[in-house]
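Each of the next two complexes has subunit A plus one other chain: subunit B in the first, subunit C in the second.
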Partner chain A sequence: MLNLGHAPVLIVVVLLLAAFIIPLLGKRQGVVNAVFLGAGAAAFIMSLSMTMRVLAEGTLHYPVGGWAAPYGIVVLVDVFAAYSSLVLAMVALIISWFAVYGPREVRHNGVYFTLILLLTAAMQGMVMAGDLFNLFVFIEISSLAAIAIIAIKGTKESVEASFRYLVLSALGSGGVLFSIALIFMITGHLNMEYIRTTLIVTAEQYPLNLLTSIGLMVVGFGVKAALFPMHVWLPDAHSNAPTASSALLSGLVVKVYIIALMRIAYLALGLEIFALLPIRHLFLALSTGALMVGSVFAMVQDNAKRLLAFSTVTQVGYIFLGFGLFSPRAIEGGVLHILNHAVMKSLLFLAAGVIIHQTGIKKLSQFNGLGRKMPLTFAAFTVGAMSMVGIPGTAGFISKLYIALGALDADMLVFAVLILVSSLLNAAYYFPIIISAFFGKDSEKEAVEPRLAMLAPILVLALMVFFFGLFPSLMVPLVQQTALLFVR
Partner chain B sequence: MNDMILEMLSRILIPATQLFGAYILFHGHLSPGGGFSGGTIIGASFILYSLVYRFTAQKHRLKHETSLWLEVGGVLVYVMAGLVGIVFGRHFLTNQGVFPTGEPGRLWSSGMILLVTLGIGAKVAGTVLKLFQELLEGGAEPDGHH
Partner chain C sequence: MVIIERLYMNIYYLVAVILFIIGFHTMLTHNNLLKKIMGMNIMDTSLFLFFVAIGYIHGGQAPILREGVMQYVNPVPSALILTGIVISVSFTAFALALVVLLHKQYGTLDADKIIALRSKRHA
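Right after this comes the complex of A and B.
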């Protein structure tokens, strides 16, 4: 039997291999679907076993090719990487199911699946990378694949949105690359753990290099993670993509860059530097902006997917807020929100996609009465919306509670109030949709529930929202140990 | 349109280019060069071939399957070479102790590096050809393989 100790590389290899085999299969759609979903399932199983192992044995170092650091390439799986990998594999598998059995929005499913597999492989590689250069390679793969799964829809809007994303994302990549070069210049290492030990000595000698490098790094990842005010590309890109792409982009892709940035912060730069520079205050200020501006913009949207895209800007703000507050519970909340938001935003995007597909209606103002015609889909949408607002019992409540408690721990009451206000703003734009869908007057539009295969991923995600809301203790060991990486 | 000068020249130029590309590929572990440079040179010879013969006979056109198989085959060779290490109970992409390393400085040395270089070469050549085909057809999809 295969030794699952190789899981850190095998996850990426299996996904990449499937991505390259699918074009060879041509038009045999059944086989293509099987390979696509099989690779996703295999990645999930390996990620699960890897997480168990990390919990039992601690951080895993996998030297690729058997060459040890600092000369060899090392895949470094700590609890944060294992947790992220598990979230990615789990949510990506469910979205993949939707890409296969959901409404068909792209002409060549084979090409689409290849791109999704490339994207998931790159994201998995990014969260587990142990050195900055491989991290950068995976950033590039995931950026290009993410742009391609928007443009593949082929409409004028999606091509324009993906081009804008390409330009800004390339700027971000350039910033990250330059910053990596500066770090390499003053440390002579690309391996993150070696950078940290070297920086203890050299940081004082080259403060300007380090400062420039960290600034470029924060801006580069900020653009890619759509941190306010660098979010301008996000609403167009996420709302004009095919439904499965929207769910992937909003649910997973923006968060992977936050994970990568935070991993660099504690693995490579060391938390002392993080504490010395005003990065935390920057995060606090910008996430405050995100929480307010994202909600206000979402409120005035009439296009369902655009509203969800602006809501993502807000939710990214929550995660940055958790890291910016920097008390243990706030970090736990931020880390937990990565999972919770991935689940609930995928749920909302998939449900919105199904509603648009079944009715042809994109405008929220015409959703009135549709809830009575498609009860299951709208019930799932309601669950997602409730979780976004943070109703107790749903997943969103737990992470928001943790961040708010973390704000109190850090003696920053104002941010607890901010979370409360932002939740009210969320309610102000999510609840009218639900109320008009269930209690509004009947629309003339005919609407029926989709077939079960299309509905299944949405129902599974809705159950997961409740599951993680009622049993948060399941993820607690991972999340708590992750917080310990930051606050020792 | 038949252009005799072009055709005669290309009969010499294309094999010469490919031979040079193969040299760069096979000596990647001994001298400057390797998968990327060798693959690009071989890919350039495909482009030259398409440019010279494209307008005369349909049968001379390089098919999309060609570039597809080159690309996928190259990646498969690389990954398989990596998996051999795992099969032998070592790490992914392990070279020493798994592949015969031979005598340093000779062509048949360095274990799997040559194998991997050839894989990269095929992939790069296929990609160069694919990019050319896409630009030539302006994103049109003649046979569904896109």
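Right after this comes the complex of A and C.
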């Protein structure tokens, strides 16, 4: 059996290696597909075994190259990192399957697969990084790859949207790098755990440095995670990308930055920061805005993918709300929502992509009657939509329930009401689509179900929505231990 | 006078922050796509200056062990910035490639005109 003690770096290395091998294989599409999916599957298996190990043995410290901290670089895998890595590997593998067998939207599949692998490798590296500069390098790799998988579609809209994403993303990176510099200035360390021990002494001496640094960091990550009101780039970027990219970007990429920010918060800065500074209240205020504005804008969209993109703005708000409420159950809900939203938003984007591919219809107002012609695809879409609204039995219900209960724990009833209102708003824009698709008058368009290989990832995701909705206990040990990292 | 003296002592930080703001401002407010990229580069450069200034000690020598040298400059920020420069160059190259593509498709480098052209296509 392979020694999986090196799993933390092996996951990143395998994905990166595959990313560099694929361009060398040239036009042999069968081999390219095999390498692409093989790397994704290998990452998933290693991530799974790593998660088991973290659950059994506790936090893993992996010194890269055998050089111990503070001189070497440390990969730090705690339960949160293991959980995030597992979610990333799982959802990315399913989306990769769709990228291979789904509708072909890019000219060079090989290049596209390379970019997806670079993106997943960078995201895996980001959630496991124990060192701020290492984290920054992975942020930049993932930003570049994320922009490239939008621009690769080559249409006028996608290139324009990706350039706007690039400008704002570069601004965010600038903010993050500046904040890292300010922290390095007062601590002399880049290793997150060493920073925390040093900050206990130096934070009082240089409060201004720390304050500026945290401000820049929240803005930097906020831009990349599309936290309201810094979400302006998201709707165009996510709706004009190829379908598999949209699913990756909305399902995983925006959340990785939230994970990175929260990891810095509890690993490097220490949780006292939450008590001393009004970061929580900032999160609460901004996520309230996101919940309302995202839904209201989603309601007026007629383009299917644009509606889903605006819905992502709302869902990012939910995750921030969970962290902002800061009671154990709210954090559990926020962390669970990272998984649940990744599954259901990928499902919705892939289903929408298949519908658009099979019928050529992008406008929601013309979806009438299509549900009877493509029952499986629309059934999957319905499952995703129900989960978004939070119907009991689906995954979305569990995380929303936890966040709402967390709001009650924190004595902030108003946010439980807010979640209810936002769920109603979600229903107000998802249900008309489903009703008109199944019960509307017949459309003249011919539409048939896609072939099974294309449909398979969508059905798997739909089953996962039910699975995580009916058996949430599977993820509970990971999620509860993650919440303990925040609320000791 | 005390303020001026303190500013002078922190002149590298001061210049870095001013450059950062110039870059930030250029990126957000200029309509020309090339100027946006220039702004991005100014911002990145200011951060490199800031990082290297953290490690700089007045009168310090290059960190090579020699006799008679007491003070060394901290080499860690300089090493980090090498990576930072590589990242900045790749971002710039990629952004320029996108600008070439945009100019081919829209025939202009003005961000406002591009948005106007795009919404006209939608209508």
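Assume the second predicted complex is superposed on the first by the 487 of 488 C-alpha atoms of A that agree within 3 Å, B and C clash if a C-alpha of one lies under 4 Å from a C-alpha of the other, contacts with A are read in each partner's own complex, and residues count from 1 in each chain.
Keep in mind that, in the parts below, contacts are C-beta pairs under 8 Å (C-beta built on N, C-alpha and C of every residue); 3 or more make two chains touch, one makes a residue touch a chain.
Quick caveat, the model's predicted, so the values are computed rather than measured.
Looking at the shared chain after the overlay, A:F178 reaches subunit C, while subunit B stays out of its contact range. With both structures placed on the common chain, the touch criterion links A:E160 to subunit C but leaves subunit B unconnected.
By the touch criterion stated above, A:V64 is placed in contact with subunit B alone, subunit C being left untouched.
Contacts of A:M299 after superposition: neither subunit B nor subunit C is touched. When the two complexes are overlaid on their common chain A, residue A:V13 makes contact with subunit B while staying clear of subunit C. Of all residues in subunit A, only 133, 137, 140, 144, 147-148, 151, 154, 156-157, 159-160, 162-163, 166-167, 170-171, 173-174, 177-178, 181, 184-185, 190 touch subunit C in the complex they form.
Of all residues in subunit C, only 20, 23-24, 27-28, 33, 36, 40, 43-44, 47, 50-51, 54, 76-77, 80, 83-84, 87, 90-91, 94-95, 98-99, 101-102, 105-106, 114-115, 118, 121 touch subunit A in the complex they form.
Only residues 2-3, 6, 9-10, 13, 16-17, 20-21, 23-24, 26-27, 62-66, 108, 111 of subunit A touch subunit B when the two sit together in their complex.
Residue ranges on subunit B touching subunit A, taken from their complex, read 68-69, 71-72, 75-76, 79, 82-83, 85-86, 89-97, 144-146.
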